[in-house]
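Chain lettering (A, B, C and D) follows the sequence in which the chains are written, and residue indices restart at 1 in each chain.
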Amino acid sequence: MCPEKVKVGVLGATGAVGQRFVQLLQGHPWFELTALCSSERTAGKRYGEACNWLIGGAVPTHLRDVVLQECVPGPECDIMFSALPGDQATTIEKEFAAAGYAVCSNASSHRYDPDIPLLIPEVNPEHMGLIDVQKRNRGWSGFITTNPNCSTTHLVSALHPLHVRFGIQKVFVATMQAISGAGYPGVASMDILDNVVPYIGGEEEKMEQKEPHKLLGKFNGAKIEYANLVVSAHCNRVPVLDGHLEVVSIEFAQKPTQEEIIQAWRDYKPLPQQLELPSAPQPAVIYLDEPNRPQPRLDRMAGTIPGMATTAGRLRPDPLFDYKFVLLGHNTVRGAAGGSLLNAELLLAHGYLGQVAATWAGAFELA
Amino acid sequence: MCPEKVKVGVLGATGAVGQRFVQLLQGHPWFELTALCSSERTAGKRYGEACNWLIGGAVPTHLRDVVLQECVPGPECDIMFSALPGDQATTIEKEFAAAGYAVCSNASSHRYDPDIPLLIPEVNPEHMGLIDVQKRNRGWSGFITTNPNCSTTHLVSALHPLHVRFGIQKVFVATMQAISGAGYPGVASMDILDNVVPYIGGEEEKMEQKEPHKLLGKFNGAKIEYANLVVSAHCNRVPVLDGHLEVVSIEFAQKPTQEEIIQAWRDYKPLPQQLELPSAPQPAVIYLDEPNRPQPRLDRMAGTIPGMATTAGRLRPDPLFDYKFVLLGHNTVRGAAGGSLLNAELLLAHGYLGQVAATWAGAFELA
Amino acid sequence: MCPEKVKVGVLGATGAVGQRFVQLLQGHPWFELTALCSSERTAGKRYGEACNWLIGGAVPTHLRDVVLQECVPGPECDIMFSALPGDQATTIEKEFAAAGYAVCSNASSHRYDPDIPLLIPEVNPEHMGLIDVQKRNRGWSGFITTNPNCSTTHLVSALHPLHVRFGIQKVFVATMQAISGAGYPGVASMDILDNVVPYIGGEEEKMEQKEPHKLLGKFNGAKIEYANLVVSAHCNRVPVLDGHLEVVSIEFAQKPTQEEIIQAWRDYKPLPQQLELPSAPQPAVIYLDEPNRPQPRLDRMAGTIPGMATTAGRLRPDPLFDYKFVLLGHNTVRGAAGGSLLNAELLLAHGYLGQVAATWAGAFELA
Amino acid sequence: MCPEKVKVGVLGATGAVGQRFVQLLQGHPWFELTALCSSERTAGKRYGEACNWLIGGAVPTHLRDVVLQECVPGPECDIMFSALPGDQATTIEKEFAAAGYAVCSNASSHRYDPDIPLLIPEVNPEHMGLIDVQKRNRGWSGFITTNPNCSTTHLVSALHPLHVRFGIQKVFVATMQAISGAGYPGVASMDILDNVVPYIGGEEEKMEQKEPHKLLGKFNGAKIEYANLVVSAHCNRVPVLDGHLEVVSIEFAQKPTQEEIIQAWRDYKPLPQQLELPSAPQPAVIYLDEPNRPQPRLDRMAGTIPGMATTAGRLRPDPLFDYKFVLLGHNTVRGAAGGSLLNAELLLAHGYLGQVAATWAGAFELA
């Protein structure tokens, strides 16, 4: 009755994001983790040895003795999750896509390629249409999808329900980003203890010029027409382990009331929540009434699927824009591995995984 | 040859800001600390006993055995620095002013009274003129002056040289404020370790509606005509001991080039720097070229008088405003006790301390 | 088939430990939370209002509107968990015990009373026998049991399997204790950020003179004969949210080999684990082989019941004693609320809850 | 009248300890910094460019444009301070000593060489005698001296005045060491935020087997006869920027009273304090009476020469040893660069700098 699980692998399995993939795939109802791939330096070692487990607890027992493979097409699986660093991702992901794998990548390398979708399943599931364009263009039997940067993911997740109703024109955002966003070893403790660093290389550019515009853009059958909102971003690193906090001011095409905005968040039930995808939090956006929330330590794991929801609060008028508010999201769960995982669930639900997924065909009532 | 030192006291001497007054007055060339006043609960105790010294090191040896007095007019001194909490400051400061003391207050109680100056010596020294209005209005032989809130102080200090040249119309600011800004015991460690709190009671209102407008306003001989810039503020508490970091976006009446702004900061030599007041840093505003500065831990003590300067950096164009930049300042030095102290130095230099200061008359060449 | 759940309440439900009780009782298989009691100041308010929820996430939805009761006998329940501060616990717990409640207390007030058991179910379950002595002595229909201080709990939990086999004579311990051990607001952030405080009032006395000796003592049918090991403790507060780390050196009556010690920990399966009590972690003590573990952030939630196990590591010879090692345990879970909860489970399994528990009689095969 | 300053250089000038050397040498009354040497990678660059200044503030203005030299004998100076990492120090320091330089090293490479002194000027100035042995043995015109590891330095500094009076036989120490002790980038923030790491590679061995024994040993004219006290050490890394805290238990040959110990610390006036060496704090050991001190943030800069003194507190009886107490010292000032600097001052005062120092000959009245 229940179809067989889809085999999946992880590229870059020993790093901070790779570990989150491994953690989130434990006991997954649809996917079975069958391949752990890593750099040449560690390939051949057992996962338990090669991995400095950062998340808390220990490497899952059944994976301790799994031997790491090199990042070369071959492993018997259908989906490859990529937690590779940008420089390695560029080539390796293409090789896997050419070899027929569905690559669900968290790397930034291909996010802005015109024929590669940058996906948040709640926001722009129709961008999956680019996959056909991509396969045609490149002559690949597989394909690549990407998810956005951790700070953009939660910003756009909170803005999307407002954008579709009221049209967002201007966004001002100042971020306070967790150290785990820089990977491991990442930020030196001497740089961040009793300190804030008001600079994260490349981050402001991603938020101001690239990601929100593609994510909120329209797929016209051939390419994405970028949305034309204007974004200004100040990005800061703070001494917090997990959870990016963002203070946001916004201006609308049609200014709603404060109640209408909160209602838009509370009514929001996009495709992944309708399909009840296994990693889709219910609701997608949580709005808190307390005057001093959300806060990273208290709210980063909020919601039905820990770390997958975006939490908002403190909506109030802004003297320079229409409104301002605070948002928070987990950067290595929804903002990284969890984002790719939900993309894969969406692809499976929509029949984008070919023969492999044929047996799953009847399992979904698509919107 | 050198005139006798002016006797000064501190109201609220045992608290966090009170301790900074005590620290900054050690070895002061013009002032001699002769009275330490505190609440009824601790009055009568020795300072060394009553004081949980928070700054590092220990209570200055020569003050350990000084007996705390109550906050009632009587101590033989001319200037009373006030580190009282708001609720106590309201009445007590008036009593001292009525009794002939020059009260230099860090409390917020009287900051917005129309006849009481809110002073930053670099920014609006001419507001001292209100003192005559105040004494007339109230029939006091003494008077009250105040300094602004810690986050406003550094914001306005950085904006002032730009405002006088290019006219600032809009200011967007998101603050990341140190825990010492909340006093002691202040922020519970369980609220701030591995966390950020996106809310500081009353802080956004002070920045948006009250302080910058009075500070940058014009004294017309009778009252202050508030400046009409528009400010939007997001205030956040971060796990940093000292030093408020602020990310700022600004729009000008006449948009300068990036170079002109940096030049305006580098050329800035306002009155306290011209007079070489003992607590006036040279320069008043430091601009750093490094891409990731200023940072609280590295820059809060920058400059010739540790903790008294404002440091700026990362000036760059803003997609929604003209420019954006980062600024930093020490919140309990310049942003609190040091602000009051520099006010007192300005008052002395300008002859506002009456007979007491008569012997100082020839000591300054006023601008 | 399954007996009805036992009704339980929490005294001091709004504090840090009270919140842990509430959290741990959610979905408990045996207990149903029916009464939340608090101080006069908050009694009458709804729990959601009165409670500054510190644990992360939010007050459980179904408890938000529960009205807080005063700490006065009356609530319809059989077990009262006490998270009261010491000064209030003294009287209130006695009133509840006199009125027939089984009071499972985390407070220190009655820990050293000769007829009140200080229990760790793995270590000294036979001390439950004191309950009969206590009821006789005091003429109470109910009774009080207590659990030890957070740092003692994990120390004795790790030592017990070694003590029963090899006889421990000397214990040297230096603790690095989490801020949550001081409750809320507890430790001021200005006291602990970028700092360690080498002093925790009363803590060293508890470890050196009182708790380990009673816990490892023998119940002779009338009273506890204290164990005569010698303990030296240095207690320190560190900037860690949860998890007390302790470095320990020990000397035995019969010195075992290093392997024998590790084997003793790995073989350890005391009563709660045999009975499979719902909150008993399997195993009770985890030994890690990595050279730099346990660590608070990574290991405080280790084991099958998060926060209930004790983790040890780094066993090695000591130049002054026989061996030294590192141990870690969660201070507000096993070290506080979870300790009381496991005590209550043990009491129920052993028939100490009277008529109420009659229906549970056949549910356990006691050791 | 005042002799010309002695020219000095720094090997490894861009690292964390190198920067402390540079900072401490600013305005030094005897030494003039004339050479900054670094690895091949940065040699040739200007110091201001090559250096990520970690201490706070900025690279001293007059050094910004100094061009870094390679670590090869040649620079015109008499003393070479070495902040080299261990692996590089081994060879490079020997080359400089052979070439006639007085190398004052903070590296561990040569600390345990039998003919190289491991010096704390307060503790074992007579070990300077090894320099003649060393020069004879090795045929060098220069020589090497070393200072101990940061955690040993402060431990032995606090113990020395007690050892000479009462004879210390056993020392138990548990350290809580600051992150700056691991250099830069050193400890990853993800490893230490909200955490403690109960392991520092090689540190316990240094304290247990090597350094205290050599430091407290006797120079018999040919070599050091190691002291035979027994030390047990537990070393831990805590989230503190600077300042190693150590909790210590001790046993004496002749057990003194508590008052005698405190008196021994208060009376302590060893050679550097008698000679009034410029970097010698007065007193060398500070004893605090407060029940919760010393603390790293409050006391690491205590004393007349910030960061150079050792602070002790909380002396009390120990159930297993004679007494226990708490000590604190700055790890990168006295525990590293400042230790080497004071060694150099001692060498100059004692005529160990040859012709160069001839002009200084009359400047000291030696003990």
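In the analysis below, contacts are C-beta pairs under 8 Å (C-beta built on N, C-alpha and C of every residue); 3 or more make two chains touch, one makes a residue touch a chain.
A quick note: this is a predicted structure, and the numbers were derived from the prediction, not measured.
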Centroid-based (C-alpha) most distant chain relative to subunit A: D
A-D or B-D - the one linked by more C-beta pairs in contact: A-D
Separation of mean Cα positions, subunit D and subunit C [Å, integer]: 44
Averaged-CA centre spacing for the pair subunit D and subunit B, given as whole angstrom: 40
Centre distance in Å when subunit A and subunit D are each reduced to the mean of their C-alpha atoms: 49
In subunit A, residues with contacts to at least two other chains: 54, 193-194, 239-241, 297-298
In the complex with subunit D, residue positions of subunit C that touch it: 170, 172, 174, 176, 193-199, 208, 230-232, 234, 236, 238-241, 245, 247, 249, 291-298, 313-314, 318-321, 324, 326
Subunit D-touching residues of subunit B, taken from the complex the two chains share: 53-54, 56-58, 193-194, 241, 288, 297-302
Sites on subunit C touched by subunit B in the complex: 16, 54, 179-180, 184-194, 239-241
